[in-house]
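Two complexes are shown next, each including chain A; its partner changes from chain B in the first to chain C in the second.
So, the complex of A and B:
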């Protein structure tokens, strides 16, 4: 049984005086215990809303799924009170922009310690009044078990001098340190799953490599599964055990990382992989897929990718089929109907840009192939 | 720099401000047409009587000597004597200050006790009936001047509740209950417009905070909603409210002057108006200086409060 097992998830934002926004349309997603699963896709493909749907944080959206199981229990069957026991306790969350995601008026130590108090096995009161007393009057005692646990978590995520950092405010720390603080606070309740929404996108390449290395280590040592959201296939190649490739609200292909990288079958995946640099030494010209993804309100029938796909044909306006390529390797593409060999997919002249899916950053991932 | 040095620095600045105000008052009083000695003695005074009074008031001295004496007296805390009563200006103001400060402080307290919870409810129950009620009452408060609210309170609560006297003032030395029963209506009258403004500010600032990422982080930690609101939201939401508290305080003082008239309270506002009518210039100039001192220190207090709730601000830093 998968740790997280989602089938046919749709997320729609009702918009007043306009068409509803179908941000996600019928995707499957599963994360095995103790693995790092990459959720990769261009900007606007629906990664963040999917991540937030796992925490049931989407108040303004309609979320529907055939199955939304965590440890075999449907999260959307739970009461709000039960859900609070899942958040922080079973599933921790790390956001992209650590400066805005951490509270500016609380020490980072307290921001970790409160998770420990609510979800860890320390005997400290968590009533509203005790928490408010700690916040506004006495502060958290540095000898309290929750504070000491916060300091040791900071150490766990590789922060030097954790005692001092714990008493700092977010704006006093560097971006990399702050992101480690976020990870420490996600670990505060000893969760089995961490949902990390682009945890390194705001960081520069060396700091990013450090954080990704940390996630890999935590996954291996603490046996915590990570749903790692990124728009960077280089990050996936480097860090993930398996991966789901999203495009404009749908899943194009999913499988183990080695399956996808060695034997991509979907034209979209092939196009993406083609745009990854071949190695540090080549530098130079990179390619990406020409065109841009449609708005959720403006998708073609059938496969959302068909307007940009060089292999598109009549059947592509039909609903997406499921094609099992290999054990655990699934592609959703009309080229692969029973027994057909689609042959080579050819692309038009490559556009010169980088290997990142958002098509805006100048960063290249030299560590992708030589690392 | 530490808080002590910061306060010391700001106090020096405050003294500078008061010095400038004192100079301005000195110039203003002496450029008003009319002879204070004649005012004291009335229209048909003898010239030698006039000269005597001028000498007593120091008005026969050259202007720079008058200025020096004015500042020297001020530095000793001597604001002169009332032309009419002969009582020292300091004592006159001190007597009048108690009712005014009582009304002001109780008014602020009422305003805060009403406005902050109302603003929070308004934001968290946005576009529901609670929000509409709070918004309606807030606009009512903002759009009615204090003296008008005072008259309405007087005619309604003041007449309906016998325990609440509708006239005069009882010193706190006569007991808390008589004091509060006299103060409560005028305080409500000055506090309600203030409450209206703070309610609206708290609402909009809380709405902004509710959509911040760190509030989502707090929810993602599995914290109960009230803890998310009061532990993670409140302090952030109050920051912009505190920054305008100093300005609102000025508004409140303005309201007190008129409200004292309505409730027949012998307070600072009354003293000031009577002194202006009688051209009792020592009291007028003393009052202006006392008010400026109150303002300067009120602003210092507000700044310190702001710094204490915003860890991003360092003492002595620019912003």
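So, the complex of A and C:
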């Protein structure tokens, strides 16, 4: 049984006086215990919304799913009180912008200690009055178990001199350190799953490598599963065990990372892999997928990718099929429904000769890049 | 962990690093030091008035009526009944400072609660609470004071209630405005993600971010409350007329300003110094709470 098992998830944002915005339409997503699962897609593909729906914190959206199981229990059947226990305790979250996701007026040690008190294995009162006393007057004592745990968590995520860092305010730390603090904070309740929403997007490449290495190590050592949201296939290749590729609110292809990278079957996945720049800049033009993603309110029937797909044919306007390529490797593409191999998708055809593409929308599209 | 944490870095259970910023903000700024010292001196004089006052503030000495300052045995002179002005100032400080502190504290607690709840929840809660605050604001506080005095008679608590009533809307509006922007910050979402409830988020995460401007508001209003109390005493609807307060002393000296200027100037100067001191100290407090050190709202 998967740790997180979502089937046929749809997320719609109602808009007053306009058409509703279907951010996500009927996707499946499953994360196994102790693995890093990459959720990759362009901006606006619905990956962040999907991630946040796991915490059940999309107040203004309509979320519907055939199944939304975490450890076999449907999260959307739980009461708000039960859900508060799941947040932090079972599922932690790491945000993209660590500066705004940490409270600016509290030391980071204080913030991690708070998570530990609420969800960790320490016997300290979390009543409102004791929390207020700590926040406004005394601070968490450095001899309190929650503070010690906070410091040791900072050490766990690879922060040198954790005692000093624990007494720092978020703005005093570097971006990389802050992101490590966020991870430490997410670990505070010993969760089984961490949802990391583009944790390295705001960081430069060398720091990014450190953070990703840290996530990989924590996953291996602490046996915590990570749902890693990213738009960077390079990150997926380096870090993830399995991956789900999203495009415009739908899943295009999913499978183990090696399956997907060695044998991509969906034209979109192929296009993405082809767009990864090779080596250092050689001065040539970046390879792109011509066109741009459709607006959520203006998607074509059937496959949302068909207007940009070089292999599009009549059946593409039908609802997305499910084609099992290999054990755990699933593609949602009509090319494979009749069981025959469609052969190589010719991406090199100039956009102008491709009748389904609007030449005017062609532009350098570098959303998916390596590093 | 190899490090051994002792309790050495706490002071009565309060972590020492909590004091550092405050100490730096006050000690590094002579204006703040001046503010803290004067306010502390005035507060101490008020608290220990029975021990420190050289005379009974009610004792009348007809032989030395309107004795000028620095004359005879009365350092600040005497009033028209020959009562020692210094002693009356010290006793007056108890009422003036106590009333203003009490009134602004009550106004802050009620106003900030209303404002935070309104700003955090928004929607109809916001509308309902803020319209209520509008009504409070539209109500002339002097009228409230007269009404309270008419119903309950003169007394310290009625003065406190009337002044507190006038300041609820100031705090409510300021707190709401701060919370409106703070609640959109991602750390509020992060707090929900660790399972905090609405009450916890409002008090533990949102409010600490709004503290800096609220402190400034608090100190400004303390100053205004001293003046408000003086106004009420001056008009004769404050505390009992025989009770010495700075405002009452000022009022009594008014008709004698040609013959005995010190009777009104001394309380007037005391009010100015206190108001100035509180404002200067308030600025330092704001800096201490504004951890980003940018000034303005955090």
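What to note about this one:
Convention: the second predicted complex is superposed on the first by the 338 of 371 C-alpha atoms of A that agree within 3 Å, B and C clash if a C-alpha of one lies under 4 Å from a C-alpha of the other, contacts with A are read in each partner's own complex, and residues count from 1 in each chain.
Assume a residue touches a chain if its C-beta (ideal position, glycine included) is under 8 Å from a C-beta of that chain, and two chains touch if they have at least 3 such contacts.
Please read these numbers as outputs of a predicted model, since none were measured by experiment.
Superposition note: with chain A as the common reference, chain B and chain C are in steric clash. Contacts of A:89 after superposition: both chain B and chain C are touched.
Contact with neither chain B nor chain C is seen for A:299 once the two complexes are overlaid on the shared chain. Judged by the touch definition given at the top, the superposed model places A:329 against neither chain B nor chain C. In the superposition on chain A, contact of A:37 is made with neither chain B nor chain C.
By the touch criterion defined above, A:266 lies against neither chain B nor chain C after alignment on the C-alpha atoms of chain A. Look at A:47: by the touch rule set out above, it reaches neither chain B nor chain C. Residue by residue along chain A, chain B and chain C are tallied for touches, and C comes out ahead. Once the two complexes are laid over each other on the shared chain, residue contacts for A:137 go to chain C alone; chain B is not touched. Using the contact criterion defined above for the overlaid structures, shared-chain residue A:231 touches neither chain B nor chain C, since it reaches no partner.
Once the complexes are superposed on chain A, the part of chain C occupying the same space as chain B corresponds, among 7-15, 43-51, 61-69 or 223-231, to 223-231.
Within chain A, the residues touched by chain B in the first complex and by chain C in the second are 55, 57, 83-89, 92-93, 95, 97, 100-106, 114-115, 118-119, 128, 131-132, 135-136, 169, 171, 185, 188-189. Interface residues of chain B, counted against chain A in their complex, comprise 212-214, 216-224, 226-227, 230-232, 235-236, 309-312.
For chain A in complex with chain B, the touching residues are 52, 55, 57, 83-89, 92-93, 95, 97, 100-106, 114-115, 118-119, 128, 131-132, 135-136, 169, 171, 182, 185, 188-189.
By the touch criterion given at the top, residues 55, 57, 83-89, 92-93, 95, 97, 100-106, 114-115, 118-119, 128, 131-132, 135-143, 147-148, 151-152, 155, 163, 167, 169, 171, 185, 188-189 of chain A touch chain C in their complex.
Across the interface of their complex, chain A is touched by residues 1, 3, 5-7, 9-10, 13-15, 17-18, 185-187, 189-197, 199-200, 203-205, 208-209, 211, 289, 291-292, 298 of chain C.
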